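Shared between the two complexes below is subunit A, which has subunit B as its partner in the first and subunit C in the second.
On to the complex of A and B.
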């Protein structure tokens, strides 16, 4: 990776508890010149009838990305820093394999362009030593970008978890979810 | 005559609101801007730092400003989208004149000024000086706020100047002056992070001040308990350690009961009470009968929750209490504020690290704008217009005789009532949209239609300006240099990024020309904003809000200076009261007895349900700006009636069903949103919309006797299902205020 200031100590942490559902992350994400005013992060109510709780959906940057594995055109790649990049526009054939395969439901197919789009951890910013746009603006810091040491010190009651159990299958990700202290993995039913 | 010249539809077609979106490829130059201008968000009292991208004298986008200490790049959705106003198709570019049957037509500045001056003279000669009023707003900078105070008294020579802060922080201001002799939050936000207990009362922090949420979480990460008092489970209440779902209009009963618990358990700072306060005995006498059973019955909050909150508060060694409009928008808004202050004084936790109290000021310059003469009873430095010494000092600064200075005028809503009675005949507004933001707005509209001459200064044709005889195109936040004072009392610098487009002018240039034409030009000799600020510094000198030691250079160097700052060597005052010298006449902090009383309108068989109003995260105040920004509109397109499923079942109301909501003032239709996150006896409607979907058609115009704030937060309503679903058309057009 030439001319990069990408700091491998920096990680992405999501704390759903702190999300206030304001959508600042979506609007800031959409500002990125490669996103064409589409957001790659999504906020949804869990069940507005009973709670104001919201949930954050963004690329988890899997260690072994299924989206890339199932891509027939080799359009999706993971770089040396563990960032899973959005589909290479010259290769993507818009087949939606990645959309169907992702266990987190992240990639979307942009119909007008016939292209898959997803978060690339604001590579233009992170490779220049900045934070991703969503974690920069997040007013409650439900989205945090920093080192594991920093977040452990700041938030002693929770721990970062990046192991997810989908039935028999374990998925490890670059992005962490903050869980109650003592948690080691998150089981998805 | 301030009636619509053509139909609402035709006005909207030409002047909006229209929804603006950033083009998919960004605005011209957004990837290679000419420069980044460090300034602040134009919306709430947090005044987050932000950098605006400028290309060819237009705003092309934004870039987070990581170094500004309050928000370090963090922004809410309104902040992210705030840059969309300069390129907006609705932007007013020329002075406009009302033409009956035709709408509005361009009129040159000269004619616009001539006509305005001749109408001011005609009305004042015919009906008296005070028959021409002025209503202003505190999204304006300190410089403009100060100059408007001077303009109204020196050039327009009217007593009737007031501002939209009358709908915002005046109950807090009046309460703080009574208790402390000064009106400002006691500590900077950084003290929040070390508080053991945080009580937030009537403030939907996560939707109205999202960037403050981070400070509350910092405290919680260190083990702080968070208590949220609100009739709804707001996003900040969802994870709180304790949520007290207070029945609207009963807040002071809760604080009274909590004070009694502190006294009964001797959770008091006797040394502080004895040496630094007055009025304690009569204050606790007033709450001696407010036991838990009474409090539970009155407030609807379970007794064990009240006891838990009081116990945490009583036993804490550090704490912060914050409140906002939820407790202030009441006919006993000042009482509610004083009830909170009594809890703070009883425990002596003020003027120390991590021990704070204050209101969270709502508007961008709600703090500074309420200090320098914008209000009907006030002069710069937070001086009193009825105080002979204060009048004399300011008359000297302004170069007029004290006898020439008008006296106390009417507050904002009282001025509307006076217009309705035919006593005030002419009006100039700037930065105020009363037809959306004032209560009982059918009455407000009737008042406006009686005006003989109405001139509005604004950058968009807001719902009220649709009624104007003349519109003068003013400036956006990013089009004029100045300062604002944030909710934590930090004076920060607003930097001009671009010049106003078309024939639009800086607000201050408009006011200066009007002053010149009114024959007071020699009193308005300013070549730049800094000239105005330097005069403000002198005018504030010696007042409680003393800015004398603050300069533009000092603000920029320190990224803000906290007032009071009485001399040039003074570093500013992030934390008040460390010296225990309060600004009251006796130098002590004052307890004030708060006997409980009911709100002005209580439920009955005819109107059996409590109606309360408030805000959503994607809209700001009357929506004049945010209802023109596409993504903010789309996030929450129309006002919904939040109602608990049990209450809905009682009236057979289904989700998304259109409900007729009636009060003694009017009726309107809203789609129901059935949610368990609200009290079972209360419904909620956000108020940012005008026209047929305006919640303020229903609210009540009764005022707090001291602060004159309207009782937006509680009135009685009736609910009737219509059997019809809310329509797509309503949803798609609500932002336009039909």
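On to the complex of A and C.
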């Protein structure tokens, strides 16, 4: 990608236990110009019948993205910084393979546009050295964008983890999740 | 060079060669053994044959990828099933709607659709006009004993007649002029988007996004130059105009298989994806174990399990289920629940 000031010292850290479900990030996400002013972030109750817990999910920018692998149209690409870009609009055929195969449930299929859209870490901002919109507005820092030093000072009892276990499959990501100190991975199932 | 040969895909090479030979045979047949072939167009013909070879090669390599192969196989399987009439009709309607009119671009932006539609229509009409001419399938002759009646011949057979100087003659002989105007307006509209839209500015590349537009404008302007030359300059600059036009067109043809223009051919897969979705829904929906709602067709979920396994991903769970059985919301909730448990077990939710 041209003319980039992407800062590789900065990383994304998420901690869904801190999410208070305020939807500020959702509003901010719609300001991102790379997704055409449509919000791509997911916030919802985890299990409304039994808990008021909400969760927030951005694209984790996987090291070996399943979404890109299962895409029949070669519409999803990962760049040199590890950012997995949203579907190339001229290629995507709107088949929803990526929507169903992403282990984090991230991509969204826009039916009228026959197009998949997803978070691409506010590439218009991050490529200019700025923070993603959602992370700049999150009041509880469930979404945080900064350096490893900053986060380790702020969360001395937590550690960033980027390895996830889904049954047999291990998935490594660019985006970190904050886990209790000593954790090395998050086993989802 | 050695690497090139090592990475050469034999299957694709064979198919591409067959496609190129088929074009040559069609040229020989359509032009009645080159009798009706216009020798001035030889460079265009070579460019087109190369483009066909390249497109067939890339298409074949593309179809070898597991997800693409599956869509290809399934599309034909569903289309040629007992429901052929309804799927064929649906495909035809979608072909008009989505391929010729690119209706799906409209919700992405009105001006964007207008720009793309003008550009695509100009290109498609230009292909429809130039390819038969280049192949010698269409040629014009004067009606015997007349100085003003023209015959249009297709594959050497008379297909129509018109008077010189009539509106039909004017429209026919200037078809490419109209195409150039459409393409230029469309390309300028698309360029304006690329200059002003922050998202595009951040993600576009020169060779991927700007070069195709520049090339289309170059083809149109040099093409208009030829018309301008014979209309107003009595052909004085003909050689210059025709050489620059030929150069831009041949660059375009040769580049089709490699660059953005390949999406014209990929787009057809959207028809297959549509049939796949409809047939999948008819066969039954998969229900998410978390949300308890149907979210996709059962066929799709099962196919994806196989495809992802072919690609080296194994989402099988210990309880015999599969992570892909969950809907996107179910997957996000599963992760949030696991995170909650991990925090709870550590005795501290924050910090």
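The rule is simple: the second predicted complex is superposed on the first by the 182 of 189 C-alpha atoms of A that agree within 3 Å, B and C clash if a C-alpha of one lies under 4 Å from a C-alpha of the other, contacts with A are read in each partner's own complex, and residues count from 1 in each chain.
Just so it is clear, a contact is a pair of C-beta atoms (placed from the backbone, for glycine too) under 8 Å apart; a residue touches a chain by one contact, two chains touch by 3 or more.
Here the structure is a predicted model, which is why all the values come from computation and not from measurement.
Overlay on subunit A: subunit B and subunit C fit together in the combined arrangement.
With both structures placed on the common chain, the touch criterion links A:155 to subunit B and to subunit C. Legend: residue contacts after superposition of the two complexes on their common chain; A:127 is shown touching subunit C, with no touch to subunit B. Comparing subunit B with subunit C, the partner in contact with more residues of subunit A is C. Of the two partner chains, both subunit B and subunit C are touched by A:36.
Judged by the touch definition given at the top, the superposed model places A:17 against both subunit B and subunit C.
In the superposition on chain A, A:136 makes contact with subunit B only, while subunit C stays out of contact range. The superposed three-chain arrangement places the nearest Cα atoms of subunit B and subunit C 5 Å from each other. Residue overlap on subunit A between its contacts with subunit B in one complex and with subunit C in the other: 17-18, 33, 36, 53, 155-157. By the touch rule above, subunit C contacts subunit A in their complex via residues 62, 65, 67-68, 70-71, 98, 104-105, 107-109, 197-199, 201-206, 260, 263, 266-267, 269-270, 273, 276-277, 290, 296, 300-301, 304, 307-308, 311-318, 322-324, 326-340, 342-343, 345-346, 348-351.
The residues of subunit A lying in touch with subunit B in their complex are 17-18, 20-24, 26-28, 30-31, 33, 36-37, 48-54, 131, 133, 136-141, 154-157. On the side of subunit A, the complex with subunit C involves touching residues 1-2, 16-18, 32-36, 42, 44, 46-47, 53, 55, 57, 66, 69-74, 85, 89-91, 93-97, 99-107, 110, 112-115, 120, 123-124, 127-128, 155-158, 164, 166-169, 177, 179-181, 183, 186-189. Within the complex, the subunit B residues that touch subunit A are 21-26, 30-31, 61-62, 64, 66, 71, 73-77, 79-81, 206-207, 210-211, 213-214, 217-218, 221, 233-236, 238-239, 617-618, 631, 635, 645, 655, 673-677.
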